[in-house]
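First chain written, first letter: the chains are A, B, C, D and E, and each begins at residue 1.
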Amino acid sequence: MSIASRKHWSGQNILQLQKAPATEPVSGTLSAQSDQRTVGTVTVDDPRIRCTDVNVYYGSTHAVKNISLDIGRNEIVAMIGPSGCGKSTFLRCLNRMNDTIDNCSVTGNIELDGQDINDNSIDVVPLRARVGMVFQKPNPFPKSIYENIAFGPRIHGLARDKAELEEIVITSLQKAGLWKEIKDCLDQPGTSLSGGQQQRLCIARAIAINPEVILMDEPCSALDPIATAVIEDLMNELCTDYSIVIVTHSMQQAARVSHRTAYFHLGNLIEVAKTEQIFTHPIHQLTSDYITGRIG
Amino acid sequence: MPTSFLVLLLLSLTAFSFILGRRRSLAVSAGDIRKLNSLPGYYGYYVALWCGVPALLIFIFWHFFEGTVISQLVLFNLSEHTASQPEQQLNLVLNEIRNVVYGNIPATSVAPEITAAANHYRELQQISNMALTIVTIVLAMGCAMLARSRIHTEQRARNKVERVIMIFLVVCSSIAIVTTLGIVLSVLFEAIRFFQAVPVTNFIFGLEWSPQTAIRSDQVGSSGAFGAVPLFTGTLLVSAIAILVAAPTGLMTAIYLSEYATPGIRSLGKPLLEILAGIPTVVYGFFAALTVAPLIRGWGASLGLDVSSESALAAGVVMGIMIIPFVSSLSDDVINAVPQTLRDGAYALGATQSETIKKVIIPAALPGIIGGILLAVSRAIGETMIVVMAAGLAANLTANPLESVTTVTVQIVTLLVGDQEFDSPKTLAAFALGLVLFIVTLILNMVALYVVRKYREQYE
Amino acid sequence: QAVRDYISIVGSSTVYPFATVVAETFGKTTQFKTPKIESTGSGGGFKLFCDGIGVKYPDITDSSRAIKQSEIDMCATNGVTDIIEIKIGYDGIVIANSKETSPFGLSRKDLFLALAKQIPDPENSGELTPNPHKTWKEINDRLPNIAIEVLGPPPTSGTRDAFVELAMEAGCSRFDWIETLKKTDKKQYQSICHTIREDGAYIEAGENDNLIVQKLETNPHALGIFGFSFLEQNTDKVQGLAIDGILPEFEAIADNSYPVSRPLFLYVKKSHVGMIPGIQAFLNEFTSEKAWGEDGYLTDKGLIPMTAAERDHFTENARQLRANIFMDSE
Amino acid sequence: MNKRMPARPKTIDRINQGLAKRHASEKLFHRMGLLSLLFGITCVAILFSSIISKGYTAFQQTFIQIEVHFDEQYFTVSGKDNDTEALSTADYGGMVKQSLRSQFPEAASRQEKRLLYDLVSIGATYQLRNMVMQDPALIGQTTPVWVPANDDVDMLIKGHMKREAPEAERRLRDQQIVWLDQLIAQEQLSLKLNTAFFTNGDSREPELAGIRGALMGSILTLMVTLLLSFPIGVATAVYLEEFAPKNKWTDFIEVNINNLAAVPSIVYGLLGLAVFINFIGFPRSAPLVGGLVLTLMTLPTIIIASRAALKSVPPSIREAALGIGASKMQTVFFHVLPLAFPGMLTGTIIGMAQALGETAPLLMIGMVAFIVDIPSGIFDPATVLPVQIFLWADSPERAFVERTSAAIMVLLGFLIIMNAIAVMLRKKFERRW
Amino acid sequence: MSIASRKHWSGQNILQLQKAPATEPVSGTLSAQSDQRTVGTVTVDDPRIRCTDVNVYYGSTHAVKNISLDIGRNEIVAMIGPSGCGKSTFLRCLNRMNDTIDNCSVTGNIELDGQDINDNSIDVVPLRARVGMVFQKPNPFPKSIYENIAFGPRIHGLARDKAELEEIVITSLQKAGLWKEIKDCLDQPGTSLSGGQQQRLCIARAIAINPEVILMDEPCSALDPIATAVIEDLMNELCTDYSIVIVTHSMQQAARVSHRTAYFHLGNLIEVAKTEQIFTHPIHQLTSDYITGRIG
């Protein structure tokens, strides 16, 4: 997990990570243009995903600035940071969802199991099947609840027969903690559910295809504590096999579920560290300001 | 005052009263629009409506009756001899008088009595014109002032203006109903007369259509030559071929344009295809008869098939080309309107683009797409010229697209514009065909509505 | 309410090309406006024409056939009583094929045997049999061995009526027992003679004669039935076939030796003359020698002129505005 | 929690297994889309090229130069010199003939003279009259004038009539061709821009026939149609989709409107005849009536397209506006309509295109007519472009073939201009959300 | 605030409120059909909004069951409860937003300042202008940020001129804590903002028209703690003049901002009480189960 082991990406300015001394916190204000150097443990050994110098632009807006971050195997990484700091944008890079936004351009290197996902030869279909996603705004298909979940397994041919498909649907709904509420109305449109139910539907939909990495953009924002607990349990269970990246605004949640936490600010990745550490001994001034509620 | 000038004047009065109303509302609220019940603009519209609408109604009403009234007055003053002519003849006399009034024929070339009448006519016209000008302007100004004086802060001008708009909307929607009624009425009575001559059952279930011969040999009813079945099967066949061409091509084009094509190609391709809808059907008729039909016949011959030189296939294919834009453009619009979040949802699950389109986007856009296809089908059913020129007029009862068929509309047109006879079932048959076609398509549409309802997927 | 200062003409699509030339010349050489001419078909023309008297109704209707009794009655009930009938000339109906095929003469009997729905049974005199003929040779050994395929106008057209009456019926009455039927059972007679087969040998190709000409080009074995003026304009593409030994040529039609030609008419509302400006002048133009004479501009357009005597007669009618519709004109 | 969920490697393996097939079908789908588009565009291209290749020659016309002597004797027939009456009724045809005779004195017999006179169009007569009426000073002078040649000559020069063909198979006699060759040699015959085609109304002489009357008729008619059908169609769609209660009655209206789209256009003609002409008493052949009939005919198209467009506006937009206290009317006019506008324009484009190309209903209301004068208002008798095309296509004269195609080109040009405006508007309002 | 002072609404079964003894908690399971009687202080003196026996059906689904609840003046009422229990549905009744859902029918009596808002003669426009709403899923107009906010003031004629309008826009954005982030791009489309920014935009849009009652459906679900604090401050500030009803899944938030809290369960209003009380001494078994995290 050493910084030196990082391979450099040509054509970009060479990554120079420095561990800022805790006693001399990095300046709390950042010009929008400046490239911030990330403090903390950016890299892990044998990462599942390795991002190097990722930049995202919406037209001329520079939304994500030179971010490098590794996601380990069987790891839950939480991303926190003020609203609009680029968390969702960065998350969407990891399964190339930004392709669908017209004026959005991504530079930098993102590797999944050592393979550059932005490579032209990469097939986004298995990529996205391997890297599942739950969006910030629930977006159920205007189909029945059953069809919403069955969609993924069906296109990927994951079920041999009807019974198997049904089982996948039921297990996914159970895992997402939605089964009990809606088991009698599987043929109702997914759009007629309540906000929180829709969100869980989308989670169930994402896990129905068994992805290896799951990206969750505020998956519990519309959930009550109990439903939240179900999802958090699910994450814990899943991370024995998979990697999970979660964006959350709840520090408690980040603290509860994640192994490492990344703090974003104005498009920069300010600090990454083990979760215990970041919530107890943040290195960067901005991080500690945020955690203690001083930025705003 | 010339009519156009009066209209202009009324329009500017209306515009002015808008300003008046707005001003007034600001005045009563002492410039603080927060005190007003509605936005100042609504008070403006309120006064403008009061100014314009009654005056305009009077204006239209006046013009509707002005001619008749003046004519009656002029005729009243004509000499005994002229006035005693039959009414129809008087109509011609009036025309002559008017022709003199408008200087179409020189006054010297007509009888002095006509010249005098023309002068009288001119006078009356001037009076009427004067009166109209005064009445409308007074009315417009009066109503506007009254409306203006009634403005106060609590007045719910927005509700009133919106109610007027609502009335406008309702009136517009009722035009469709009135049209339907008109169409039914304009074919119903003649159709009933037809059915008095030819039993309904013969018409609907008869297998032979040969209107001309039936009259000649006076075998009406007994020979069953007014059997509409071949016409309806012909319509069905040609429309089916057309839709088999248009629906897949149109839909795939729409998908390609909205999902795959670059914006440049889309903004060029779509209007280009829309031109297809506007090419006159005569042109398609020539194209079908002289290019496509011989081509199909040639192919058929090389395959050893016996293709009629006028085949339903040629007409259907060309008709299909014509209605492609109905499917492609309408579908493109609704597909484009499906929210991006739905696409994102599918892509994120690893769906390929075509899977996303087939399983998410098309179902979500289905009502609009069906609407487009229905419109295309309708157009195909209603099309005439192509069939006349390329499929012929022979009423064959066949499902073979290589033979010639005829359609209901073709028969309606040829019966109506050909050498018609008074009250013969032949001419009346056109109306019966129209009526039955109307009913058949009505049933088809009800089925379509039911199906669309059943499979509709409402997003959000 | 509209004021009308132009002549309104409706009627036959066959007369349309002739009436329009006259109208145009009339408009350009007189102070009057160019008449408006609608092509509605003869029957449609009568329908509008007989609807009444007044500016709303047309002043003149063209027809490719004489007015029928039922139409006269209809006119009369609507107050249209004084009608001036003017015959303007003849229209030849030709049977033609593509230049690429060698021409062959036909008799009217051949035509009947080729196109009738039912023909007299050769074995069984006095009986009918569905038309069995597939090729011309089956009808007559002189004729080539090609399939019978005739492109012609639909039943709704006046040209078809004329063709049926002048060609088919004449051929039909060559059979003696049918000829006798004419007197005993007229309906039966007509149904035999006037019914055209519907098995595909006769193709109803619409009313557009240009289309038929062009279809003949792409289909050299087919014959087409259309008006003489279209033959005249397309002599490089199609050739007229001799009927009963007589080729469809200008002179032959004019002197009535070509059997398939029909008269064309104008019908004028007498009560409109003088009230709508220019009707009299228009009739004068139409009946002038420079229009319908043997060298007149109408013959350029394909109208076959009447004999001088006939022309004089109708010119006189037009000048005198002689209402000459009689109750037995059917 | 559940152990029967397939193990991970199995999942991605399964996915990879099916991948080739899915990509193949993706490719196929993409190709099919492209092919469909290409098919449509090819059809447009074929139609265009056949029309243009047939019609472009109509924009030129053969003219013959003749030496005209405006002899005083022609103008003194009535005894009164130079008054307009005399000027307009002088025997200009005689002058044309005179000048032709002096050019080719060898034409002696009556028959030969007729052939000679046939070389120039009757239009030459009207042309000379116009010249003299404008400038009476010409009387007594001799000037060379370019006059239009007869349509047969025009066809020969443009190659639509084969000069090698046997004499009997062409409309020009050998003698006439000899004269024409002489004219060509003396540079007294040439092809010039056919301005008459754009400035004249209909004519039975192909060389004089123009498109302007029909074009004006189309413009007037479509103006009426557009002004009525767009607002009414949109208003109806808005009412039915946004305001009307959803019940059996509105279902009935919806079915009804769909059904109106399937009513054959000629039946609209019948309706127009019964209502607008016989009942209200509008004049026959008027663009006003044509416009009204076409309005009724296009309304279903616009309504259906507009409703589809309104339906596809996400309900959250409406909720957002209603939630801050916008009235339904404001919601619709400020937020929903702009978003649905592109779809409404599509309906309008297609509806208007259909109206522009329609003939059948106009037959019933008297617009299928020979009208020479250019209409100047919606009450004047008029015809429209497709009718003109229909009439010319049915004319015997060979020269009308190219003019028919040229008229189609004008119609398409009109259509393209009309659509271009709408398409630009549509692009402006289009967005995805 | 006595139960007897409640006026009865004819045609409905008469309201019979009972204070369930704390020692005998009401059964924890509820059949979907049964009418639950609410415990706690349902009514307040001089309420701004008074709801009596409100029922909402989506087609045949009974989503809100016989709920009676008062909202006082200058009061913040929090609504909590498991996902899908009918909070949003009930909230949407208060400004008749349920009118827009086709198959949704509302019965019962809802009074705003003593006036029945479901009355036919009521104009919903001023009603909704008085009762503003922030939706659960942010729904900005596809227009510029400026137009998003300016729309409300403009149609209600709240600004005399351009400058005033601009001021309203700016103040609203400031109050919602969005101004700093987007002050340079007011003409960007509102839909191109991040999730949290959209949410704040919708809050700003709602307060721009100065409503007397504000209904907020999870207004802070996509917000980071700092932005949340801004909104909570805003609520505190607003409630000196206005009434606020807020749906939230965060008990902490409910505890922080609200005066009274209502607990919903399966369409029933189980308990309403002063916030301190409900989080410390819930009366109903279900409430206490939920608060202590035992339902799920």
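In this text, contacts are C-beta pairs under 8 Å (C-beta built on N, C-alpha and C of every residue); 3 or more make two chains touch, one makes a residue touch a chain.
The model shown is predicted, which means the values in this text are computed figures rather than measured ones.
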Practice problem: Could you name all chains that are in contact with subunit A and with subunit E at the same time? | Solution: B, D
Self-check item: Contact-graph distance - origin subunit A, target subunit B
Solution: 1
Quiz item: Across all chain pairs, which one has the most C-beta contacts?
Solution: B-D
Quiz item: What chain is the most remote from subunit A, judged by the mean position of CA atoms in each chain?
Solution: C
Practice problem: Compute per-chain Cα centres, compare each with the mean of all protein Cα atoms, and return the closest chain. | Solution: B
Self-check item: Cα-centroid distance, subunit B relative to subunit E, in whole angstrom
Solution: 49
Practice problem: Could you please state the distance in Å, as a whole number, between where the Cα atoms of subunit B are centred and where those of subunit C are centred? | Solution: 36
Quiz item: CA centre of subunit A versus CA centre of subunit D: separation in Å?
Solution: 59
Quiz item: Where the CA atoms of subunit B average out and where those of subunit D average out, how many Å apart are those spots?
Solution: 19
Quiz item: Which subunit B residues sit where two or more other chains touch them?
Solution: 158, 286, 339-340, 350, 352, 355, 416-417, 458-460
Practice problem: List, in ascending order, every residue of subunit C touching at least 2 other chains. | Solution: 1, 4, 40, 56, 207-208
Practice problem: Would you give the residues of subunit D that are in contact with at least 2 other chains, written as numbers and ranges? | Solution: 15, 22-23, 315-316, 327, 339, 363, 393, 433
Quiz item: Among all the chains shown, which pairs meet the touch rule set out at the top?
Solution: A-B, A-D, A-E, B-C, B-D, B-E, C-D, D-E
Quiz item: Hey, which residues of subunit D end up touching subunit B in the complex?
Solution: 15, 22-23, 25-26, 29-30, 32-37, 39-41, 43-44, 47, 50-51, 231-233, 235-236, 238-240, 243-244, 251, 253-268, 270-271, 274-275, 296, 299-301, 303-305, 307-309, 311-316, 327, 329, 339, 342-343, 346-347, 349-350, 352-354, 356-360, 363-364, 385-386, 389-390, 393, 408, 411-412, 415-416, 419-420, 423, 427, 430, 432-433
Practice problem: Could you please specify the touching residues of subunit C with respect to subunit D in the complex? | Solution: 1-2, 4, 6, 8, 10, 13, 16-17, 19-21, 23-25, 27-29, 33-34, 36-40, 56, 99, 207-210, 227, 229-230, 232-236, 295, 297, 301-302
Quiz item: Of all residues in subunit E, which touch subunit D in the complex?
Solution: 95, 97, 100, 102, 124-130, 132-133, 135, 137, 139-142, 151-152, 155-156, 191, 202, 205-206, 208-209, 211
Quiz item: Which part of subunit B faces subunit A closely enough to touch in the complex?
Solution: 339-352, 355, 359-360, 363-364, 457-460
Self-check item: Residue ranges of subunit B in contact with subunit E within the complex
Solution: 31-34, 36, 38-40, 156, 158-159
